[in-house]
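Labels for the chains are A, B, C, D and E, by order of writing; each one numbers its residues from 1.
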Amino acid sequence: AQDKVRLLLDWFVNPDHAALVVAKQRGVFAKHGLDVELIAPADPNAPPKLVAAGQADYAVSYQPTLQMLVAEGLPLVRVGVLVAQPLNSLVALEDGPVKTLADFKGRKIGYSIAGFDEALLGAMLESAGLTLKDVTLINVNFALTTALMSKQVDGVIGAFRNFELNDLELNKAKGRIWLVEKNGVPTYDELILVAKRETIDVARTRKLLAAIAESTAWLKANPAEAWGIFSKSGKELDSDLNKLAWKDTLPLLADNPTALDRARYETFAAFLVKRGLIKQAPAPDTYLRDMK
Amino acid sequence: MTFVVASPSLSVRGARIAFGDRVVTADLTLEFPGGRTTCLLGRSGVGKTSLLRWLAGLLPGTERAQPIAYMAQRDLLLPWLDLLDNVLLGYRLRGDALARRAAEPRARRLLAEVGLGQRLGDRPEMLSAGMRQRAALARTLCEDRPVVLMDEPFAHLDAVTRLELQDLAARLLDGRTVILVTHDPLEALRIGHQLRVLSGAPFSVGPAIEPPGPVPRDPADPALLGLQGRLIAELRSTPGSTP
Amino acid sequence: MTFVVASPSLSVRGARIAFGDRVVTADLTLEFPGGRTTCLLGRSGVGKTSLLRWLAGLLPGTERAQPIAYMAQRDLLLPWLDLLDNVLLGYRLRGDALARRAAEPRARRLLAEVGLGQRLGDRPEMLSAGMRQRAALARTLCEDRPVVLMDEPFAHLDAVTRLELQDLAARLLDGRTVILVTHDPLEALRIGHQLRVLSGAPFSVGPAIEPPGPVPRDPADPALLGLQGRLIAELRSTPGSTP
Amino acid sequence: MRPLITAIGLLLAWEALAWATGVPVYILPPPSRVAVVLVERFDLLMEQGVWTAAEMMLGLALGLILGATLAVVFAASAGWRRWALPLVIVSQAIPVIAIAPLLVLWLGYGMASKVAMAALVIFFPVVSTLYDGLRRTDPGWLDLAQTMDARPHAVLLQIRLPAALPAFASGARIAAAVAPIGAVIGEWVGASAGLGYLMTQSLARGQTPLAFAALFLLCLLGLALYHATDRVARRLVPWQSSQGE
Amino acid sequence: MRPLITAIGLLLAWEALAWATGVPVYILPPPSRVAVVLVERFDLLMEQGVWTAAEMMLGLALGLILGATLAVVFAASAGWRRWALPLVIVSQAIPVIAIAPLLVLWLGYGMASKVAMAALVIFFPVVSTLYDGLRRTDPGWLDLAQTMDARPHAVLLQIRLPAALPAFASGARIAAAVAPIGAVIGEWVGASAGLGYLMTQSLARGQTPLAFAALFLLCLLGLALYHATDRVARRLVPWQSSQGE
């Protein structure tokens, strides 16, 4: 019998989830004895909480989110990784007034609701000699590119490098990008898989990660065919933006979902403490589980 | 119609009716004999309706001891029910399906007797004012209660219909305790076993006037005409509200 | 009061009034003389109100040619206005502040004349039914129009007040074209220059009855009593709605 | 006929707005652009539209039932009213983002949690107007009922409730008008499908014309539901003539 | 007094719910936890609460004025009604996410866009109930006005409007109850302050108790505004006795 698994995505289905969607469509999960149900929420903050509450087995989340939630006492552990580098970036319009980070002084920056964008931005600005007080922060929710293109803001933090630039391009605009990890923010895992600490099923998790690894390898080898499978899995997925983002996203997917770099977590936890997002770095063993 | 076991007398002891500062009556003591029809007369605004509502237990702080049927100055027909259902409203509201079914033939007969036999299925808004008043009368009579309070029940009826319905009411209400407010002295003389005139502010109630003979009386009777003069004089004697 | 230039006569030519299948009157032709009071009588439900509404241009497809004052069977006082403002409603609605200010003393006088001089500031819900009817009468008289239509204007008044207000109306409406529906034959004989009886379904209008002498007449006049008998007979002759 | 003219009028107004204000396409695409998307992505839009329509109608049905029941309970019992009315008012202040995890916890990821959320938005106008209506019964009728020794629940159901039907109709109209947004809010809870989902996603991904095609469908659904409700509501009170139209 | 008892009752109900269902703290924190945060972060909460309260009240005021004006216009003119009523209905179906960029474009990121959004949510119940009320005037009064040769606008303002005040009160009550969520939705439009903003932020950071402290404040604001509106609404129709309480 197949092991039933309920996996919450971090947001609506998009090419970041390529390995998961294609694994399901091609029967890779089934091959590994898993019957995986993928559920896409509208609110990126809900999935880890629902996993902690036992409403799903796994959730796709972000490293900073995990560390903040664990610091708040949620019983979550990281079991794997989907994208082992930051995607987040600060973007401005190329033909806009902002050429360097220092040019943001006195300007408006939009951010979405991820909760830690503000901290990333603060670190980036400080690397250019500014502070958060030098800019006006505006929560533009998910309409990052719209806010940017309509010049309501001069820059947006929280833009994913594989999406927002393409989005600008599709709208005949060009973006100027600052990568977070190159501008004062320690590097981190953008997309990870989390589970509930008390109820984690190690054997099943290994099967899941193995299936994801297999799917990722196949994706990278057959990008065009994989796009066909992905874009047909839901009518709303077959868009120009997804198609453009697809080629930028595939190389970013982690070849080895079981990889774990503890130092990266410790460094980033220290960063979060420094930025005041958490009071104390949680002990790494409580929320990191090596699945190798 | 139905055999009425006992129609109680109604007594008022030291009653006080007031709306804010306006004292309608103070320390009123009064007895309405059981099984008889008492007609209340009085100038407009003297307090007849208030007294009737007091007796019906409808004023704040009042209660009533026995079942009554009450016909207000407005018809109070429910616009979403047809006439038959309006007449049977009491049975509906008491939730006694058996009694309601049993009362239905009487309701039909009553509606026919007040001249609305052809309009059983009409909604109230399709009727003239007098028709609505007749339907309200049928509803009151259909209630079949030992005590019946009626506030100007014939005010919107033409002279002929009025006489007919006075007869009908007198016949159907025979043996019950009826208190009927009217502005028509002749009407009071025709169907009242006793008449009482309210006067003054706060009002007091004059002595009972008891015309001779059984009800309904012949309005052409000269004795009645004499009493009518006396009544009008009594009404006129009080300042009333017209200066 | 005010000098009335001319009170037009009203004529009805081939009028038809119907509600769905129910034809109230068909091909009605009728003339109401100008400057005089015509009283309409008829059994309940015959169509008096409908005719009045037709004349007032209130039925679908009808229009009226001249200014009128209309007093409906209900008092139609506005609950959020006090009595004085209710009486002056017409001026308010015509938006003529000047005329309204000019009419205010008359409104006060009229309210005093109908016995509500002490209640100018009361809201309608604080009044008895008869008081409300008197306020509606005052509002109608205050309108000061050449044509006045009144539907049972005295139905809720006691005998004495009724006589007083009949006198008042007769005095104030002298010289105007008045059409007044009433159920009281004596009332009609007292204040009507001419009387017309509606009968039948669809109704037709009987010949004009013109009691002798100027209005208001003395109700004790034996000639009137004779006419009253004739009127009641005429009413009774029609099947009416009571079987 | 009339709805068609209105729809065309609205489209013209929209086109005019888009032109007159010179709003960029990625903020307010003109209907001509949206029409193209509407045709090209018809399948997708229909698929999501059916979801939303189902949520709307279930939410409205549930909201009407829940609202009417609560209003009647409040009118019948001062005790219930004292405790539950503030809860009902407070329920209107809770943003979906705070309550979504709870709903998923209790009702799962299926349609139930979405419909519950939609009903939460929709039921309030019904409770509020109907309860107001139930409080405003002509006192004459209540007096009459009292003299008839009416049972309290009969007074409520046979007099106060029919007399309050115009108020209920008023509430039902509001409920129908907010049903689309109720459904969209409901789509924030749990798994994703429906026009609201499509809209959020396409707006976040710069596909504004697709988002507005979804919005257009949503508005059509809303208008249709409103008019259907209005029709039924008018039938509810045949004894009352209304002056408007 | 009464509001206090109610508040305590609600808190007890909430604590009981949290205990009985065993919901985790990070989904529904018990009031005891929230109370601690309420005290600890009092300054922050007050600061954001003032913002939201301002948005609520401005939104309500604007919504009431806009709603009443539109209802009167609709009652006065069939032409306006035919074209604008569908627009008004459609306006209720538009999710904030679709309209936020437009509002920002036109009104900027200041308070104006938030208040406009809040008013958009709030005004509808007022238009709807008041317009319904204006349609239901006693025909007897309208007949009387006609025989008096009344000016149309005088009939509207002097008869139909006062007669519709109970309906307006009904709508105002709903408007007051949805004002908090209106303000929170408004904060979705490019916010950087307010209880809704605080809630979103703290939920994203796993600080559920802080989010619920904000929610608690929001509910208190909502109840206060509702009761204030209810009071004024009752004064509006002194000639009408209501049976409830």
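In this section, contacts are C-beta pairs under 8 Å (C-beta built on N, C-alpha and C of every residue); 3 or more make two chains touch, one makes a residue touch a chain.
These numbers come from a predicted model, not from an experiment.
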item	value
Intersection of contact partners for chain A and chain B	D
Both-way neighbours, i.e. chains that touch chain D and touch chain A	E
Leader among chain pairs (count of C-beta contacts)	D-E
Rounded Å distance between chain B and chain D, as computed from the means of their C-alpha atoms	49
Cα-centroid distance, chain A relative to chain C, in whole angstrom	84
Touching two or more other chains - residues of chain E	23, 27, 97, 101, 105, 200, 203, 240
For chain A, residues contacting two or more additional chains	49, 53, 142-143, 146, 150
Touching chain combinations (by label order)	A-D, A-E, B-C, B-D, C-E, D-E
Parts of chain B lying in touch with chain D, wherever the complex brings them together	53, 56-58, 67-70, 72, 74, 76, 78-80, 89-90, 92-95, 123, 125, 143, 149
Complex contact set, residues of chain D against chain A	24, 26-27, 41, 43-44, 47-48, 97, 100-101, 104-105, 108-109, 187-192, 197-198, 200-208, 210
Complex interface listing, chain C residues touching chain B	19, 41-45, 49, 73, 112-117, 126-131, 134, 152, 155-162, 164-165, 183-185, 232, 235-236, 240-243
Of all residues in chain A, those that touch chain E in their complex	44-45, 49, 52-53, 65, 68-69, 71-74, 108, 110, 113-116, 136-143, 146-147, 150, 152, 277
Interfacial residue positions of chain E with respect to chain D in the complex	2, 6-7, 9-10, 13, 21, 23, 27-28, 74-75, 78, 81-83, 86-87, 89-90, 92-95, 97-98, 101-102, 105-106, 124-125, 128-129, 131-137, 139, 142, 166-167, 169-170, 173-174, 177-178, 180-181, 184-185, 196, 199-200, 203, 211-212, 215, 218-219, 221-223, 226, 240-245
